[in-house]
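Here's the structure we're looking at; comments come further down.
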Amino acid sequence: MDRRELLNLLTRVRTGSLSVVRALERLRHFPSEDLGFARMDNHRAIRQGFPEVIFCEGKTVSQATTIARRSLLRHGMLLATRASREIFNAIKAKAPRAEYHPLSRAIVVKPLHPTTPVGQVLVLSAGTSDIPVAEEAAVTADILGSRVETLYDVGVAGLHRLLSQLPLLQEARVLVVVAGMEGALPSLVAGLVSAPVIAVPTSIGYGANFQGLAPLLAMLTSCAPGVAVVNIDNGFGAGYMAAVINLIAQGQGGDS
Amino acid sequence: MDRRELLNLLTRVRTGSLSVVRALERLRHFPSEDLGFARMDNHRAIRQGFPEVIFCEGKTVSQATTIARRSLLRHGMLLATRASREIFNAIKAKAPRAEYHPLSRAIVVKPLHPTTPVGQVLVLSAGTSDIPVAEEAAVTADILGSRVETLYDVGVAGLHRLLSQLPLLQEARVLVVVAGMEGALPSLVAGLVSAPVIAVPTSIGYGANFQGLAPLLAMLTSCAPGVAVVNIDNGFGAGYMAAVINLIAQGQGGDS
Amino acid sequence: MDRRELLNLLTRVRTGSLSVVRALERLRHFPSEDLGFARMDNHRAIRQGFPEVIFCEGKTVSQATTIARRSLLRHGMLLATRASREIFNAIKAKAPRAEYHPLSRAIVVKPLHPTTPVGQVLVLSAGTSDIPVAEEAAVTADILGSRVETLYDVGVAGLHRLLSQLPLLQEARVLVVVAGMEGALPSLVAGLVSAPVIAVPTSIGYGANFQGLAPLLAMLTSCAPGVAVVNIDNGFGAGYMAAVINLIAQGQGGDS
Amino acid sequence: MDRRELLNLLTRVRTGSLSVVRALERLRHFPSEDLGFARMDNHRAIRQGFPEVIFCEGKTVSQATTIARRSLLRHGMLLATRASREIFNAIKAKAPRAEYHPLSRAIVVKPLHPTTPVGQVLVLSAGTSDIPVAEEAAVTADILGSRVETLYDVGVAGLHRLLSQLPLLQEARVLVVVAGMEGALPSLVAGLVSAPVIAVPTSIGYGANFQGLAPLLAMLTSCAPGVAVVNIDNGFGAGYMAAVINLIAQGQGGDS
Amino acid sequence: MDRRELLNLLTRVRTGSLSVVRALERLRHFPSEDLGFARMDNHRAIRQGFPEVIFCEGKTVSQATTIARRSLLRHGMLLATRASREIFNAIKAKAPRAEYHPLSRAIVVKPLHPTTPVGQVLVLSAGTSDIPVAEEAAVTADILGSRVETLYDVGVAGLHRLLSQLPLLQEARVLVVVAGMEGALPSLVAGLVSAPVIAVPTSIGYGANFQGLAPLLAMLTSCAPGVAVVNIDNGFGAGYMAAVINLIAQGQGGDS
Amino acid sequence: MDRRELLNLLTRVRTGSLSVVRALERLRHFPSEDLGFARMDNHRAIRQGFPEVIFCEGKTVSQATTIARRSLLRHGMLLATRASREIFNAIKAKAPRAEYHPLSRAIVVKPLHPTTPVGQVLVLSAGTSDIPVAEEAAVTADILGSRVETLYDVGVAGLHRLLSQLPLLQEARVLVVVAGMEGALPSLVAGLVSAPVIAVPTSIGYGANFQGLAPLLAMLTSCAPGVAVVNIDNGFGAGYMAAVINLIAQGQGGDS
Amino acid sequence: MDRRELLNLLTRVRTGSLSVVRALERLRHFPSEDLGFARMDNHRAIRQGFPEVIFCEGKTVSQATTIARRSLLRHGMLLATRASREIFNAIKAKAPRAEYHPLSRAIVVKPLHPTTPVGQVLVLSAGTSDIPVAEEAAVTADILGSRVETLYDVGVAGLHRLLSQLPLLQEARVLVVVAGMEGALPSLVAGLVSAPVIAVPTSIGYGANFQGLAPLLAMLTSCAPGVAVVNIDNGFGAGYMAAVINLIAQGQGGDS
Amino acid sequence: MDRRELLNLLTRVRTGSLSVVRALERLRHFPSEDLGFARMDNHRAIRQGFPEVIFCEGKTVSQATTIARRSLLRHGMLLATRASREIFNAIKAKAPRAEYHPLSRAIVVKPLHPTTPVGQVLVLSAGTSDIPVAEEAAVTADILGSRVETLYDVGVAGLHRLLSQLPLLQEARVLVVVAGMEGALPSLVAGLVSAPVIAVPTSIGYGANFQGLAPLLAMLTSCAPGVAVVNIDNGFGAGYMAAVINLIAQGQGGDS
């Protein structure tokens, strides 16, 4: 409930067009709508500029589809992550414009009249196996209205691959750097650019990788300032964060 | 060495005003200057908009002072973190403008003609004991040219303290949220604003806090998008990241 | 063996109606009955007010069914947790009143003449995926004689959903708060109510959740007093604890 | 701000005796009072029945004393935990009734006209070295109005010591069980009583105790239902939880 | 190669009936026989009183069978642990006397003329789910010549079940105590007997059990002396250790 | 309370020379004597053949001395581990026969008429720095009546040192093997002897030793059967276990 | 790009046969060739003496095959690790000389005219189950031009097996020692030879092995100098390292 | 005891100039000399080319000095690591040629007639704080006869510093790379050279560095082949390993 609505409500209390009791009722029952199993946050679209994203892992097909349909109805767009093809088919049946990104397992329904993408988010991956997570970041930043470039397989062991792309790196407004194994790429990249770097550790690797713990710790202890980290394999979180920063720089983000 | 200088150098190779061998020499020996124990990165001021920050932990007074003096000479400003009062005294003797922030143990020498601070970085702390880390973030963002506000002791157990400051939260362009114990504050804040949140876990707490592991994991697994995390107790890193994002939004950051 | 029975036995030793040797025999062989693979604790019903609950994970269908049948015979009621549908079918064949809760995988046989539920236990879940654990808590508290309300999907990222239900929270005598991810909900809730909060971390999440370690540590280090924690995913333990507290408040629990 | 005050405020908005703008002001600036470094939660006394407890670790003498004085002024009573004797002396100078518990390092100022302690909280410790944590629990429950009994050094290796006190155990309405080393005592106790058990792991021990990790995990995985756990060495948290449960049973706790 | 054989060999060197070079050859090539993939330790039967046990996990059926056949040929007896039924069938085809213990997945071929079992090894399990590990211990101690008794499902939550069997406990010469969950049983048992206790943590449990870490740490930090611990789920190791101690007490173990 | 005493007591109940109520009293108040801060276990001397050992860490000088004096009075002997010289001086003042072992920090008061040491316990240490822990084991086994030999600094990197002592190893009835760093010595030793090996990991080492975690895990996963492990640095526990096994072999241990 | 090529390029800039702009282009676009999903490092063959090895885990059959074909075309040889038989079949169809090592799951295409293997790399495994990792090391060192010997199943519990092969150990120029369980073998071997030892922990084992953590820590804390460690199960890395050292000793490695 | 001596001994057994019994005696008592607290390994000088290095941590001044004097007497040279200045002074009193390296805390006594250093070992450190560990590696490799170069403060955040020294890197025969924080430098270096890289994680850093765990895991999971790792802060181990490899390449190492 934004400030304007609240003032409006209070003014109506003042003027007597709304009783104290009923105002409280509205305050309490609006804007969270009860689906039985999941209270949807319709208000988020206004407060944060984007409808709730559906994290499909651990949800049944029917749960995911119900939330998706309701979200589409209200916002005309959709992002569902970690979705099985089965969930995609169920949603596709209702929303023919739905697209499936098999690598990142994301379902996207773009708005009918999307705005022109702005700024520049660059998504890098250290290895081939990190691409699914990188793609999740790219898809997310894209649907949130950012222009997105990708640069894959530029890990630190072949340094010249990365260095040969220096201009691309330096043009980006925000960078998402995805890496498994020793997770060194974000430190390296942050030393080459002055833009903020969102680091994503992946669970790719074996042995002492410990399901992503190794790159996670490495990224957190990065010797280069200008690096912040999201959860292991959390491509969505990185793409979201990058888009938010990118939009702020465009003068589009923020509450004000 | 930026693109312009490199082109210049190559052109001089082409025109014969610089021999191939000497060009390589300059390429190799410039711009890293050897202090014996620490190669200073003079170039960083140009590449990243701010001279190298001196992390004093594990450095002797004489090492810290030597680096500080050299940095001041070149850049006219200084930020040294985790500095003892002894190091401060040694630097103060050479740089009378130096200020010491006892809580955050930071030494600051502001430029003689500082630019007007821009944007709005809001630094929050969950508890009283988290303030030193929060102060480190605030001091850092401040010297990097950001306007900084602070809001301390607004942890989740007394929710109304936080909610009563909602407007302040929503005015910020970037937020730094510092919390020990269960580290829940960043999730909560990120649910209230649309600006990016830089979360800093602290080692404040005991038992299952495990030197900051508990809030670190909590922040990484935050259910709210728009949160990225820096290392435990890394106020500097958070302040730096916040300032970089804030400056980008001002149209001042980036390489382009 | 309760105090009364013991005094009775000793008195019979005194009066000579029971020999020393046989008394010891009864002491030793009663009340634990040997099923070969599992010694049932019939005495628990008297001592603790409820027959042993059957934890089905790691038990064969035949083991689970044998224990269940014996328990039903003696107590006329049953709670079996983490039960497969196969185990349910086997039990259902013998006990037509048995009900299966597919989400929580609990089997329940209510007593024929249940007492009126008392007090108020409120079970909250932070996300949709935490519901199975929350349901296990609710089912458990219910069969133990507590009146149970549930409130699901009220995580901290959408604060107003929770705040809009404040009266419900404040009416509860005990609260069970189930949360995965960063596990912040119990801290928040405990700051809003004065009733005791039983926190249940879940293994829902990925990456730095580390199978529930993140919310577990968060809940243990909660900055709000009035929170105690049970094992990861242990909905049963939380429901049991909540019911015990609720019954004490009703003047029904305790040994006295 | 409780429901009554809120209704009162809204009614005044309705009747015009309070402007919309000023009501919001009061809503926002009351009841959190700014001490510069710590926002005190005066409201908590009403909402939760007890003023904020002062956790002294990591606070300067002057910070602790300022908060203590303010708290005393408002509530006429005080509990400060993990307090040095230095802090005690500073508080004693202002509050002659202040008492220091050297084992638990707690400072207590009881209310001038305390109510009669009610119910029965039993605090057990497994070893001699666990006593400071146990004392913190006992002191806390005591000042919160509970009748408290203690039973120390009854660890599982000398079972008969515990069993010889069975009646005492079974009379308690709530039990706090403090144990380091292997942390087995809560399981054992919970198998002997039907009252709820609050388990407190301590960092007492060496080697594989890993600063309390061993008993913490043991207590969380307890095979006996009716056990919930608080943070390592958190005697205060356990005493608080026990008192809350005890008061509820007395019909004194809760919001209603 | 035992001392006697070595003296014999050296004497033959002395007397010239064996050349220096050939003696070294025998020293080097005897007694380890090369099967290509596994060097069998035939000598162990003499040195340690029992042929090498075959740990089947990670071995192919054909690898396991080859080793088993060779071992049987030489020693007339066999113990293979963690064996699939497939491996059993392959061995049974060659050794009709082979028996399969499905719970512990052990294959046993007893010697044709076994010695009378001696002493008393008592194997306890805390829960029903710990039985497979306990059975592995029992089977192992049995084939090594110990008299074995078992007592299952006597966990600490139902203390009287254990106490009612006190005489049985006190008759044992060595005890193997198997427990998952919080792993408290060994501490308790060691407080009741003066015989040595071999504790076996199991990976039974969930959440904070962390695959057996919880009971492992608990057993290592046991407050009762007279407890030593083997690896998680290592029933074989516990049974072997118990048998070795039991045999020593019989005057049968040891090198002397 | 042993079986004989219990029968006696019950018989007196039968014959009327003891009332039911008083018998229960004696049952409850005897044999645990209340020192206020520590319930001494006088009964242990009978039940387990040795008075309670005093673990001094975390006890005040006055607590340790009180327990020691009481123990000496009753049993005429004493073992106190992890004792400071200050505690020793306090005890020495009362018990002139007290000896201090500075390396292991153990205080020993031998019985006036000690029995002849029996059997053979061999204590090995891998490195020089492991000696304090090894000494604690040796002192413990010695006062418990075992003949003890020691062999120090025979780590696996200089294999011939160990092999040159093979006869000594093979003469021992029980071996205690103390090792820090990689903790490989117990596996090696267990492969050379048929006697049981009690392994003690030490916290000696740095880096990946992680306060003894490395050798602890190594010893638990030993590929050699006949190894059981006690807590990190727990020389006392190992010496106690070794002595118990040694005495059983002598026909002196056990309850029967 | 090696020094010679760079000088050549710069000289052409100087002489005008190459424009500044195009030189930069070549610098940037050469030698990394874009396959869309993976940038191949053709240059590595020159810089490091061997084409990029293909780590197949997490790659699709088509991804692996495309990279393999390209690599074969350029270098006439191939090493692919952790390859399924399905990937092998796809590569075999294109490269009939391809061989599959089922134990180590490596695909090898040797060069048509291989050089004579040099030096001596000895690969040891502690147990039968460690052989797959050992084989990966052996295959790798072999294709890199080293003469390789293997010695399997020589774990520390049967010491004489190892000692009987002392001459073989002492002939090796580099040793790869593969061990699971307690990981003691490398320490032991390093004490017997003066050549460098590359230690490989394996995830073989159960319980406290914790997926290879136990032997990893053991190897890192080895008391014997001359040991360095690679990742858990990383046979390839060990074989590569051994081959590099072996070749240096042959005067073939290095950049000079 | 080398092969030659053994043959000699055996021949004397054959010829009768040595009795079987006395030969065994010599075999057993030679060459390990008993200092009471530490068995010195005089033989190591022959077997491994260098006398035992003295690790001073955890040794008393008198223990360290005794071992040092004995070692000097036999070998005319000395390396003692982690030595306090107090130990240095004690050794200096006996050995005037002793030198102290305060940064690495190493004591060195070079041989009177040292051989010319050979090959090239390059020691790199990522930060200024890593220098003590790097110095320990350099001092060690130096006294073992290697030519050593150092290159400090070339961490990944300032990539050009490292790249400007490429020729130096490529001239080295072995590289030791020391890094704390995220530990990325070894991966980077290994991608630039073909010589073997010995990686040393340091405990420099804070928070998620977890005493060196972060760089340790990063180095183990390095994406670049040709990297092997030693223990955290183990400069000595890295210098030793590097020297051994360097000497092999010189044709000086090995047993043959």
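Chains here go by letter, A, B, C, D, E, F, G and H, matching the order in which they are written, and residues are numbered from 1 within each.
What we mean here is this: contacts are C-beta pairs under 8 Å (C-beta built on N, C-alpha and C of every residue); 3 or more make two chains touch, one makes a residue touch a chain.
Just so it is clear, the model here is predicted, and its values are computed rather than measured.
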| item | value |
| --- | --- |
| Superposing rotation of chain B relative to chain F, computed on C-alpha atoms, to nearest 5° | 180 |
| Interface sides of chain C and chain F: same vs different residues, half threshold | same |
| Between the pairs B-G and A-G, the one where more C-beta pairs touch | A-G |
| Of all other chains, the one whose Cα centre sits farthest from chain G | D |
| Where chain A and chain H are represented by their mean Cα positions, the distance between them in whole Å | 49 |
| Chain E and chain H: spacing of chain centres that average the CA atoms, whole Å | 41 |
| Distance from chain H to chain G - Cα centre to Cα centre, in angstrom | 25 |
| For chain G, residues that touch 2 or more chains besides their own | 158, 207-210, 216, 220-222, 225, 231-232 |
| Pairs of chains, among all present, that meet the touch criterion | A-B, A-C, A-D, A-G, A-H, B-C, B-D, B-G, B-H, C-D, C-E, C-F, D-E, D-F, E-F, E-G, E-H, F-G, F-H, G-H |
| Residue numbers on chain D that touch chain B, as the complex places them | 1, 27-29, 31-32, 37-39, 41, 43-44, 57-59, 63, 201, 203, 211-212, 216, 231-234 |
| Contact set on chain E toward chain H in their complex | 7, 10-11, 13-14, 16, 20, 23-24 |
| Interface residues, chain C side, partner chain D - complex | 3, 47-49, 53, 167, 170-171, 173-174, 193-196, 198, 216, 220-222, 225-232, 236-238, 240-241, 244-245, 248-249, 251, 253-256 |
| Chain E partner contacts - residues on chain G that touch it in the complex | 128-129, 131, 152-154, 158, 160-161, 164-166, 204, 206-210 |
| Contacting residues of chain F [partner chain G, same complex] | 126-127, 155-159, 181-184, 187-188, 190-192, 205, 207-210, 213-224 |
